[in-house]
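In the part that follows, the structures are each spelled out as C-alpha cells.
Both of the next two complexes hold chain A, though its partner changes from chain B to chain C.
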Partner chain A sequence: MPSTPRRAAVIGGNRIPFARANGRYARASNLDMLTTTLDGLVARYGLAGERLGEVVAGAVLKHSRDFNLTREAVLGSRLAPSTPAYDVQQACGTGLEAAILVANKIALGQIESGVAGGVDTASDAPIAVNEDLRKVLVAINGARTVQQRVKLLAKLRPGQIVPDIPRNSEPRTGLSMGEHAAITAKEWGVSREAQDELAAVSHRNLAAAYERGFLDDLVTPYLGLTRDDNLRPDSSVEKLATLRPVFGTQFGDDATMTAGNSTPLTDGAALALLGSDEWAAAHKLPVLAHLVDAETAAVDYVHGRDGLLTAPVYAVPRLLERSGLTLQDFDFYEIHEAFASTVLATLKAWEDVEFAKDRLGLDAPLGSIDRSRLNVTGSSLAAGHPFAATGGRIVATLAKLVHEKGTGEGGRKARGLISICAAGGQGVVAILEAA
Partner chain B sequence: MIALYAKAAVGAVLPGRARSLPGTVLERSVTPEVGHLADYGRVCGFPLADALPLTFPHVLAFPLQVELMAARSFPLPLPGLVHVANRITAHRAIGLGERLDVRVRAERFAAHPRGAQVDLVAEVSVDGTRVWDGRSTYLARGAQAPTGLAGELPDLPEVDGPAAAVWRVPADTGRRYAAVSGDVNPIHLNPVTAKAFGFPRAIAHGMWTAARALAALQGRVPEAATYEVGFRKPLLLPSTAELVTEQAKEGWDLAVRNRKGAVHLTGTVRRA
Partner chain C sequence: MSTDRFRDLSNTALAGRLGVPRVPLLRRYEPGQPLLPGPALVTSVGAGRFAKPIAALVEESGQQVLDAVGDQKLAAVVVDLTAATTLDDLAAARAILTPAVRKLAPSGRLLLLGPEPAEASAGAGVEAAATAQALDGLVRTIAKELRAGATANLLVVAAQAPPAAVDSAVRFFLSARSAYVDGQVVRIGVPVGSPQDPAAMDSPTLPEKPLSGRVAVVTGAARGIGAAIADTLARDGATLVVVDIPAAGENLAKVANRTGGTALQLDITAVDAPERLIAHLTQRHGRLDLLVHNAGITRDKLLANMDPDRWKAVLDVNLRAQLRITEALLGEGTLLQDGSRIVCVSSQSGIGGNRGQANYVASKAGIIGMVRALAPVVAEKGVTINAVAPGFIETEMTAKMPLGTREAGRRVNSLRQGGLPVDVAETIGWLGQADSGGVNGQVVRVCGQSMLGA
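Let's turn to the complex of A and B:
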C-alpha cells in the first residue's frame, strides 16, 4: 500500500442514450442496460477478458431479483468473471458515490482499476403485491398444516389485488420530489423565466455537444437510439413559457415548475472508468482527469428548515474549505438539473449573505459563478435523468471537459466541480482536475 | 403456421409424394423488431442487446423451413419429422436494425440408421454479404432415402463434468418458445397433443434447449462462432435439467442432461 494516498484517474466512460420512460427502452431491464453499457465500455477501452479491481453500480428502482445487479452484469459481460462487483444505492447520488468509492480504493492502493456508475428504468419498474396480500402470502408460505393454510387463504380479500406501484415521493413527507423542489423555488424566489432560460440553454448546449462530436466517445447507441430522445435542439424560452405548471400549483400564480423545466422520467445507464495512473499507462490508456476530493452532505428536510434537494449547498463549502479553493476557482460547474429551480436555488443560496452566516456558518457567502461555465454540454433537463445513471454521465463528461481545456487561469490545471442532489435530503459533490 | 401443419398432416396421408428434394429456394427479407428480440431473449435467457443472439436468426428462417417442408413437392411428411442436429455459424455479430435477407433450401437427403434424414439450410445476408449460416438436420423415422448414401451427423464430444447450472424448466416452456419462434408443432404445446405423437408429456423444442444453453455462456462466446448441437433424449416438460460446460480450445463443449444423467443435448461452440 502506498504511504500517502494517490489520486485516482478518470480514464473515460460509456453510456447509452437516455430514453424517455415507456418509449424506446420499454422492454429493456436494468440488467440489460447495465450489461450493454459495461460491454460498450469494455469494447471502447479494450478490456475484454481483463480482471478489474471492481465494478460498482446501482439502481434506484430495483426488482428484488436484482439484488446482485452489478455482479450479474459483470458475469454477463466480456470482463473476466473474476472481477468483483457490488451494488450501491444513494438515490440520484448513486453514480457519483460509486465513483468516489472506487476512487478511494484506488487512492489507497487497494485496487488499480474500477468501473463506477448506475442504471435506472422507470419503464420496467418493480411492482410489488399489495402489502396486505404480501402479509397473507408470507404467512401461507410459513404455515405448517393444511388447516393453517386454509385459514390463511380465507383472509384474502378482493381489494388486495391492487398492486403497490413505486411512487416518486418521499416516505416521510408524502411529497413528490417536484413538490419539494417547488417549495424551495418559492422560498428563494426563483422565477419562471430564469428556470425556462436554464432549461433552454441545457437543450442548446447538449445539442451543440452532439453536433461537435463531443459525445462520440461517451455514448454507444442502443436499440436504435443514437441520441437522448428527450433532447429538443429547437427548445426555446418562448416554447417553454407556454407550458402550464405541474408542481407547486398550491402557490397559484406563483407556481413556476413545468414539465419543461423539470426532468422527465427516463431510462438509461452510464459508467465511468477509473484507475491508477500506473494502470492506465500499462494499458496505454490516456488519463483525462483526477478525482481530487469529494464530500457528501445531508439535511433535515423533514423537520428542519432545509429543502429536500439542498444538501449540495452544504457539501460544497465543506469541500472547498478542505481543498483550499473558492467557488470561483473552477473552469466548469456540473450542477445536476433535477429541476431548473434546484440549480438556481443552489446558486442563490451560495450568493446569500444571511444564509452564509446563519446556516453555513461562514463569514462571507461563496459568491456567484460565471454562468457560461455551468453545464456547458447540457445536463439532465436535456439528456434526461435515469436516477442512478446521472453520476456516471457527469463524471465522464466533466473528465473530458477538463482534459479538453487542459489549463485554466494562471496556467493551473483545468478544474471542475460536480454537484448532485438526491432524494432523502442528500447531496454528493466532487472536484475533478485535468491530468 | 398452424394452417401449414394442418395442410402437411393431410398431405402426409395422401398418395403422390415427391421422391426427391425439390430445388425450391424460399426467401424473405426481415428487420427484426425490438419486441420480438425482447420476447425471444426472455424465453431463452438472452439479455436485450444490440447484437442478435447467435441462435436468433433460426427463428427468422424457421417459417421458410416449414413452408418448404409442408409443400407437396417435399418428399418427407412434416408431421413426425424429428430435429436431430443443428449447426449455426455467425460470421460476425448481427446488429438489431440490419435488414436481413434469409434464404432457405433443402439438401443432403440421405439414409439415417433409423430412416432418412434431410438438411434444411438457411443463409442470412446483409447487403449481399453472408453473415449467418444455419443447417438443421431432420430425421423421418422409417422413411427411405432415394440412394443408399449415408447421412452425416456431427461428431460431438461427451461432456461429463459437474453441473454448471440446474434449470427448473416449467411446463409452459414449449408454448412460450412456440410464441417467439412460430414452431407450433403439437408435440411441444401440451401433454394431450404430445401423447397423440407418442410422447408421455410435451417436450421442449430442441432449439430452445440449444438457445438456453448458449445464453448461459453470455459474454464468453466470440461474436463470430460456430455452434453445433446434437439432440438426444427429448426433454419432457416440466422437468429439471443440468447444464454442463467445459472450456475447450477456441470455445466450449457443453451438454444438457437430466438429473439421472440421460443426455438431452450435446454441443460445441468454436471461434469461427
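Let's turn to the complex of A and C:
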C-alpha cells in the first residue's frame, strides 16, 4: 500500500437519458436501469468480463427486495461476477458520496478501479402496506395457536387497505422539499425572474451540449429514449414566467417557485468509472480528471436557523480551506439544481458578509462566482433529477469539462467544484482537477 | 428478420412429389467445421502452377484430394487453367468439368483459376486472350446450371502473383464461408502488404481465428448486417470497435458487450467524426487493421420527387463519411499499417441501379469508384481497399418490403433465396485478413449470382 495517498482518476461515465416519472421508464425497475447503465459503461470502456475493485451505488426510493441492489446489478451485467458491490444511501448525495468512497479506496491503494453512482425511479416506487395492517400481519405471523390467529384476524379493518405511499417530505417537519426550499428562497429574497432565468439557461446549455455531441460518450439510450425527456430546448424566461407558483403559496404574491424552476420527479441512472492512473494506463483508458478532495456537511434544519438544502453552504468553505483555494479558483461550478432557488440562495449565502461572519465563522464572505462558469452543460432543471443518479451524472460531466479545458488561468490545471444538496439537511461537495 | 417459408416448404416430401422446385439449404460456416465436408478434385490444364499448392492446402486441412473423377461425390472441384492459352485447352477443361459437375455434392464448390486476358494476349496472342475471356462466361454459366446450393467462381490470377497469393481466396471459396457468393470473378494480383499480421508474428494465426490480434472498426454496427459483421469478425479473433449514431447506442452497447469490444457512439457525418475516431483508436489500440465502412441509410423517392435533403442525407452517410474518414486515416499515417485492410459495403443496386433509389444507388456506385481510385494509393502503404456488394439479404429492412417485391428479390438468383447478413460478414472477414493482400480494388458481390445488375 502506498504511504502517501494518490489521487483517484475519473475515467468517464455512463448514464441513461433521464425520463419524467410515469413516462418512458414507468415499467423499468431500479435494478433494470442500474444494470443497463452498468452494461453501457462496460461497452464504452470495453470491460466485458473484467473484475473491478468494486461497484458502489444506491437508490433513494428502494423496494425491500432490492436490499442488495448494486450487487444484483453487477451479477446481471457483463462485468465479472467476482466484482464486489455494495449499496449506499445519502438521499440526493448518494451518487457523489459513492464516488468519494470509491475514490478514497483507490487513493489508499485498497482498490485499483471502481464504479460509483446511483439510480432512482419515482414511477416504480415501493408502496408499503398500511402501518396498522402491517402490525396485525406481523402479529398473525408470530401467533402460535389458531385461536390467537382468529383473534388477530378480527382486528382487520377496511381502512387498513389504504397503502403507505412514499412522500417527498421530511419526516421531522412534514414539509415537502419544495416547501422547505420556498422558505429559504423567501429568506434570501431570491426573485422569480432570477429563478426562471437560471432554469432557461439550464435548458439552453443542455440542449447545446447535446447538439455539439458532448453527451455522445456520456449517455446511452434506453427503452427508445435518446435524450432526457424533460429537456425543453425552446424554453425561455417568457414561457417560464407564465407558470403559476406551486411551492410557498402561503407567501401569496411572494411565491416564486413553479414547476418550471423546480426539478420534476424523474427516473434514471448514472455511473462514473474511477481508477488509479496505473490501472487506466494498463487498460489504455483516458484519465479525464482527478478527484482532489471532498467534504460532507449537515445542518440543523429542524430546530436551527438553517434551511433544509443549505448544507453545501457550509461544506464548501471547509473544503476550500483544506485545499487552500478560494471560491474564485475554479473554471467550472456544478451546483445541483434541486430548485433554481436553491442554487441562487447558496450563491447569495456565499456572498453575504454577515452570514460569513455569524454563521460560517469567516472574516470575509467567499464572494461571488463568474456565472458563465456555472452548470455550463445544463443541470438538473433541464436533465431531471433521479435522486441518487445525479451525483454520477455530475462527476462524469465535470470530469469531461475539465479535461476538454485542460488548463485554467495562469496555466494551472483546469478545476471544477461540485455541490449537491440532499434531504435530511446534508450536502456533499467535491473538487475535480484536469489530469 | 423474415423467414423464407417457401424454402422450408419446398424441402418437404409433398412439395417434392408435386414437382415444386427445391430451394436448397446452404451449408454455412461454424467454428470447428473442416474446410470441406468431402474429397476434392484438384487438377490443371497444361502447366498451371497453382494446382499442386492448392492440393497441398486441401490435404493439409485433412481432406482427400483426387486427380480424376471417380464414383465418389465431390465436395469441390478446382481446375487450374492459368496455363490455358488455346481453344484445345478450353476443350480439355470441358472434358474435366462435364463429368465433375455431375458428381458435385450439395453445397459443392467449383473453383476455376484463369489468366488475366490482357496479360494472356500480350504473352501468347489473341487466342490466349479469347480463351481467358471464355472462362469468364463459362464460370457464370456453370453457376447458373449448378443445383443444391453448389457455387462456381473464377479467380483471375496475375502472371506475377506467387502461388501463395491465392491461398486465402481458395480457402474462402472452398469453405462454407462463401455460401452466398456465386458466379463471381475475383482478380488476384501480387499481394499488397505483409501476409502476416505484425501483431501476431509471435503466435502464428490459427486457421480457426484468421483475424486474431487484429483491431477492427465496424460502422453502423448496432443492427442488421453491421451487427453480423461485428459478430463474425469477433468470432474470427478480431478486437472490435463498434460505431453507430448515438441514438442507436442501446443496441450498440449490446453488440459491443457480446463481442467483447468497445462501443463508440459517433455520428460519422459530424465535422469532427474522423478526428474523434482517430483519437479513440489512438488512445485505446494504437492501430487499425481492418476498417469496415458499413453504415448506410436509405431515403427512397423517385428522382422526379427527390428533394435535396433526402439526397444529401444519403450521400453524406453512405459516401461522404467514408471518403472523409478514409482520407483522415491515411493522412494520420500511423494507425493504418502494412497489412491493414479497408472494406466498404456497396450494393448490387450500386451496380445495376434501382427504381426509386437514385440517391442510394449514386452513393453505392460512388463507393465502387472510390475503392478503385484508392486501391493503388493505399497499396503503397501495404493496405488494400475492396468493396462487397450485397444482393438481396434477409434483414429487418427487407422484411418490411411488400410480399411481391420481397419474393421477386429473393428468387431472381442462382441459389433461389436471399442471403443472410452473415454471408456479407464472412466475405468481409476474408478480405480483412492480412493474407488477402492479393485482392485490391475489387468489388465482390454477395448475391447468389443475382440477375440484377449482372
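Here, the second predicted complex is superposed on the first by the 435 of 435 C-alpha atoms of A that agree within 3 Å, B and C clash if a C-alpha of one lies under 4 Å from a C-alpha of the other, contacts with A are read in each partner's own complex, and residues count from 1 in each chain.
The working rule: a contact is a pair of C-beta atoms (placed from the backbone, for glycine too) under 8 Å apart; a residue touches a chain by one contact, two chains touch by 3 or more.
Note that the structure is predicted; figures quoted are calculated from it, not measured.
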item	value
Overlay on chain A: chain C relative to chain B, clash or fit	clash
Touched partner set for A:281, first chain B, second chain C, both or neither	neither
Contacts of A:29 with chain B and chain C, given as first, second, both or neither	first
Touching partner for A:44 - first (chain B), second (chain C), both, neither	second
Contacts of A:75 with chain B and chain C, given as first, second, both or neither	first
Which superposed partner A:138 touches (first chain B, second chain C, both, neither)	neither
Chain A: partner with more touched residues, chain B or chain C	C
Partner chain in contact with A:127 - chain B first, chain C second, else both or neither	neither
Chain B versus chain C as contact partner of A:162, first or second or both or neither	neither
Touched partner set for A:108, first chain B, second chain C, both or neither	neither
Residues of chain A that lie at the interface with chain B and also at the interface with chain C	39, 78, 221-224
Touching residues (chain side chain B, partner chain A) in the complex	34-35, 38, 47-50, 96-97, 218-219
Residue ranges of chain C touching chain A (in the complex, touch as defined)	246-250, 252-254, 256-257, 260-267, 270, 272, 283-286
Contacting residues of chain A [partner chain C, same complex]	39-40, 42-46, 48-49, 78, 213, 215-217, 219-224, 226, 284-286
Residues of chain A touching chain B in the complex	24, 27-29, 31-32, 35-36, 39, 75-79, 81, 221-224
